[in-house]
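Common to both upcoming complexes is chain A, partnered first by chain B, then by chain C.
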Partner chain A sequence: MAPAAAGGVAKTVAPPPAPRTRKSVTGTRRTAAALFLLPALVLLGALVVYPIGYSVVRSLYDRSGDSFAGVDNYRALFTDDGIRTALRNNVVWVVFAPTIATALGLVFAVLTERIRWGTAFKLIVFMPMAISMLAAGIIFRLVYDQDPDKGVANAVWVGVHDTFAESSAFPRAHPGRDSPLRPAGGGAFVTRAAVHSGETVVLPLVGVAPDRMPDSARNAVPPTPEPGKITGTTWQDFTRGKGVGTLAGVDPGELGYAGMRIEAVRDGTVVASAKAAPDGTFTLPAAADGAHLRLPASNFKEPYNGLDWLGPSLVTPAIIGAYIWMWAGFAMVLIAAGLAGIPRDLLEAARVDGADEWQVFRRITVPLLAPVLGVVTVTLMINVLKVFDLVFIIAPGSSQDDADVLALELYRKGFSEDEPGIASAIAVFLLLLVIPVMWFNIRRLRREVRR
Partner chain B sequence: MAAGALALSLTACGGDDDKSGGTGGKSTESGSSLTLPRLDGTTLEVAAVWTGDEQKNFKRVLAEFTTRTGAKVTFVPAQDPIVNFLGSKIAGGQPPDVALLPQPGAIKQAVDKGWAQPLGADARSELARNYSQAWQDIGKVDGKQYGAYYKAANKSLIWYNAKVFENAGASEPTTWQELLTTAQTVYDSGVTPFSVAGADGWPLTDWFENIYLSQAGPEKYDRLARHEIKWTDPSVRDALTTLAQVWGKKDWVAGGGTGALQTSFTDSVEQTFTGGDQPKSAMVYEGDFVQVNIGQTKARVGTDAKVFPFPAAGDTAPVVTGGDAAVILKDSPGAQALVKFLASPDAATIQAKLGGYLSPNKNVPNSAYPNEVQRRIAKALIDSGDDFRFDMSDQAPQSFGGTPGKGEWKDLQDFLANPSDVAGAQRRLEADAAAAYGS
Partner chain C sequence: MTAEAGRLGRTAPEPARRPDPAAGPGRSLGARLTAAVGGGVVRTVLIVVALFWLVPTVGLLVSSLRAPADMSASGWWTVFGEPSRLTFDSYRNLLDNPDITDSLVNTVLITVPATVLVVVIGSLAGYAFAWMEFPGRDWWFLIVVGLLVVPVQVALIPIAELFGTLGLFGTVFGVVLFHVGFGLPFAVFLLRNFFAEIPRELLEAARLDGAGELRLFARVVMPLAGPAVASLGIFQFLWVWNDMLVALVFTKAGTQPITVALQTQVRQFGNNVDVLAPGAFISMVIPLVVFFAFQRQFVTGVMAGAVK
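Coming up: the complex of A and B.
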């Protein structure tokens, strides 16, 4: 019955031969149809067709809109660096964002079907969909913050990193004015003069804030000479609020570099080494006689600061991550609905035939879900082509053009650079990109209805 | 009928002209010589992009106008860029009577499009009485006075964490060389000297402009602003090389070059004034409006957060400014009177007392500003007389001087990431400038 009715509607254009008396009725039906369609047509015309038409026209005119520019604006699409980056990023987006979101959605849907608290889990995964893109953008701006104290992504990353590689105690220590030390390359420092046994050495540095000194550090003590040995002190030659004091001399209150490693180097080889005591003093054996003292770079290693999530190279993947966080839930819900429609007996039959779970998933579930997966992917593709807000909000100004996508470039060209011609051309180009995907979706929908 | 009433009130007040400050209503300042017409029954609209306290304080100035003239004034909150906002208002046939435009470029645009109306003789004479020639001139287009600068920004300031300076034993520098010494002293004490807001492009252009104005002088500055000299000029090379003396030292900029590129303007201020003895940086460069952001931290301006003028990198210390000019979009006696009022010291003094505001009006008493820091900033601005220069990137076409991730903003960000490549930065700046200026 229903298909017959549908067919009847489709055929109003060429109605079947009808009794003469009903001809006028058909006429009225046409008028009635036109009348009913009118509001929709007017609205669509004013809000959809006219703007599209005007964009096409505008894209053929120059910046001011006064003179005809032909295809110049379209040529700019492929010569302007900004637009080319945007185009490349859009390709990355369209390839990765929908596929990963769909794949994750599929995994979630299949797994949650099996567990007891599946609905609760689904609810949580779906929740980001309830947040606007703008809010999600602000959240992820924070998540990706460079400062590990603010951004959770870097907090985790630094945490993992520091578990395996510890940072040193004196990251920014460096020789002050007229220091007996000079940089030796690679972050190490070395004495200008050779040292001799029976003499004392001072290795003053500056640049470690008192709050960052190791807890074990004590007030520095000037070295006392010992026969047959080299003695010295390495300390922070700077007092808070007082400055350097005696240059290269230990002033009261200045702290020793507890735990600083000192190497005696002769002709490029380490002949002796020592570690500074809490008061900064150290002793080297006579073997170090005539060597230069080196403070190796390991003393000064900078604390690891995490990744530049929003730097030029990672910004697009980072934003795609935020997008997936939002949209995996959407994919999951649609796929779960499709999953509910799969005949259970097919799965049972496969299991009875001895297929393991992976095979059931791979050979039965996925093929049966293929139409749903297709719809989800294509829907997400359309969605991804017009992505704007996430990129606009998450990318900081300095990497906005590395993260650029077409919709954002449209906005930038149209509203901040005052290039409405080029902006219209981008809009038309985006429309052209969406059309095949939409055509695919509509065709599939038609087929579904026919079935 | 309404026009008749207006004319009547105008003549009525004309008779009062000689009695100083006695025009109708009550006058708060006894010494005021400002005469305003009675405008009972008139309604005016003023558009500006100000929000928060700035808007609230400005409304108090408008309220004073209402008590003096009887005209009802409505504040219309606008969005950036205000020219686009006004465009849609004008297209809709509802332009505000007066708008506050933030750049000379915007005034010119408004004049070119036929929106702006020139100021009348009354407002012009008030302007001439209270403003230095240069401040009058930047409100002119083709020799005609269109804008009266109501609000100014002093963008030649370096803010510092007083505690850090004290701990390090550092002092306020007056020359570029002293600035480098101060920075080294601060660095030796274990604090990173500078915060550079590289995620936003505009603070970087302001850094450059200060050094360039100081080194190359006002004349070259003007010519570069008009793109009459190229960015590949040796003067630009010198300025960038000087800039690299700070930007180029990895340990002198909080987070290094890449970290600075992730630092927004707000963060750059915040990280300088939070963290007790151990903030992430000791100094941050930007204009007087940094106070607003310091207000978000626990630091207090004047005691914890102090300021010194941008040091002289050349012969004289630079004064780079910004500002908002009142422009009439719908000519009427009321609109003219309002602009006249805004150009008077009476109006500016009201807002100056409320804080967070700087007036280019030289007859605003310095004592009107609420604290020492503000008085110092205002004094530096007024003392510069005609030698200050308006923000260069604000004078440039927007695609070069005002778009995130493009033009000058982007080129200086690239330079911050790689400060050794002066020639490359110059080349990119010139290429972008040539495209934007169309020459």
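Coming up: the complex of A and C.
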């Protein structure tokens, strides 16, 4: 690896050997040194150091900046509803996002180690790091779209849900005028009269939108009587564009309610049941003699519409999901680099001693990677504290208050609510949170730099 | 990444004959069984995960190629049944929109100078910290390193006021300055560490030939700095190109980069996917090209600079 890489990785993975004493080779004049440093120090002073001081001072003054306010702005951190929500969400972010991303990164790094196309996999998972949070935000707005016909998250979720739960095909179907059916409570419908074997029954309904009819529905067929059985038809008794046709009569072009469930109920118990054929016909055994026919409510439930990903309760986990999509690759690549540095002999020795792969992973790989895992987690924590774009873009206006985080609240307070004092207090608070890391970086480097 | 990944990919020996444990690095029977049974599972899991990671981006790409009417009628995945319905109309409309094209130009006008300046100023300072002698050198360097983790947010309000006073607010130059300021700690850190590894003999030889500091820097150090400059440049380039927050605060209509132009559209999300999807994709094209062309340098830069 190039020296740059060595230096770069050192930052996060393993410190390089301390450089030899580097005395100037030219016997530098101080003016030359000053000239080399001047641009950087001026810019850093004006754009990074000065703002820190300014924020600290500004945070002690009131909204207008004219009068000293003491710690009032800091008190607002714990009393202002918006900031409190933001704080709470930041805690959720800091606890979950870095740990999940690191855990996934570890799993991916270890699994890809033995796969030939591991590089291609890593490329795919790492790619989101290259794009902007704005683009990622737009990508996930599309993913999380509530409509299962648009958002892929809900499309998959509804698909899974409907595989395991009974789905209904006829939302909003209901009896038309002069129908032989009447509501039976709870969304079910029941025949007004009892049915008898050898007779035919018609169960017409109206109100199913044409595009909601099941694809398997065929033109309805009137029932034909069969001795010892009850036969019937259930169908959409409405011909589009041709008037109402015959009420309670099967007209050409009317579709059968394919798959409708029919129950024969006598004295409150189901004695027989049937499912309608694509043409709407069904047959019940003689056991149903004298019963009323019921169309249970499960036929008419609104279809399951998936989760409200960007609603108040799920919006933060949803955005954390988008963040993990972006940053798991980062964890994976750093951990993979650390993994490459683990002495093979150690793993082999353990395997020879009879350890299985899980034990090797648990007892050797993870402990040896602990420093890398720590660095990755801490790095992500700092990163997460500053998360702004993703929340700003993904959370719709209606749930932005629920998704609020400190960086977003700072932006709102500072630039749309004209509260620079409180915004500065948030800034100082954010800075305080990263100071331990700052100190850690300096301390580690001091050992290297000093002679 | 390719280097390590390639190496990692080849470390696991294929399960073959039963190895004699005493004969050297081999794997126990149990491990080989696990590998044989688990291999298929691992592959399946990884394929599912890879799909999971690809689908969101593919969704954006496909959405950007659909007519608005199609988009409100059905999910983007239905397009695989009728690929003929794809169209470049959204892109054509977008690129006919001067707001968008201007903002793309602004993105370039912000990103290129912000990258070049960080490399130049960072190199000068990195060289000084590595090879010049002056009082408190190491302390100055440690302070710069300490600034690595300062959140950008801390500077938004103070610099907004400062730029207001200086008349820089809303200018491209102001945004460039801000990015340079916050890019410098990492630049100085990376380059100083790189320069410090240059063999002393090289510099001494040039010195004996009578080269001054500037000549040493320009003729000896910088020509060797290619890899470090590449990592830094790519990292800074992507950082600035992808930035939204800084530009959101410091630009105004006319100087907005593409990210800010697009975020104003997000507020009406739903009926303007035909603007957002191709817009987001256009804003991603350059970063993705850079990513695929310079994976190695990019990974190096990200690894070193992730603390930002």
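By definition in this document, the second predicted complex is superposed on the first by the 266 of 451 C-alpha atoms of A that agree within 3 Å, B and C clash if a C-alpha of one lies under 4 Å from a C-alpha of the other, contacts with A are read in each partner's own complex, and residues count from 1 in each chain.
As a working rule, a residue touches a chain if its C-beta (ideal position, glycine included) is under 8 Å from a C-beta of that chain, and two chains touch if they have at least 3 such contacts.
These numbers were taken from a predicted model, which means no experiment stands behind them.
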Which superposed partner A:Gly397 touches (first chain B, second chain C, both, neither):
both
The answer to whether chain B or chain C touches more of chain A is C
**Request:** Kindly classify A:Phe415 by the partners it touches after superposition: chain B alone (first), chain C alone (second), both, or neither?
**Result:** both
Answer with first, second, both or neither: which of chain B and chain C does A:Gly311 touch in the superposed model?
first
Task = Name the contact category of A:Asp211: first (chain B only), second (chain C only), both, or neither.
result = first
First (chain B), second (chain C), both or neither touched by A:Gly82
first
Intersected contact list for chain A, partners chain B and chain C 396-397, 415
In the complex, the residues of chain B that touch chain A are 81, 84, 166-169, 185, 187-191, 198-201, 251, 255, 258-259, 261-264, 277-278, 398-399, 402-406, 409-410, 413
Chain A contacts chain B in the complex at 82, 145-146, 172, 174, 176, 206-212, 238, 240-244, 305, 308, 310-311, 396-401, 404, 412, 415-419
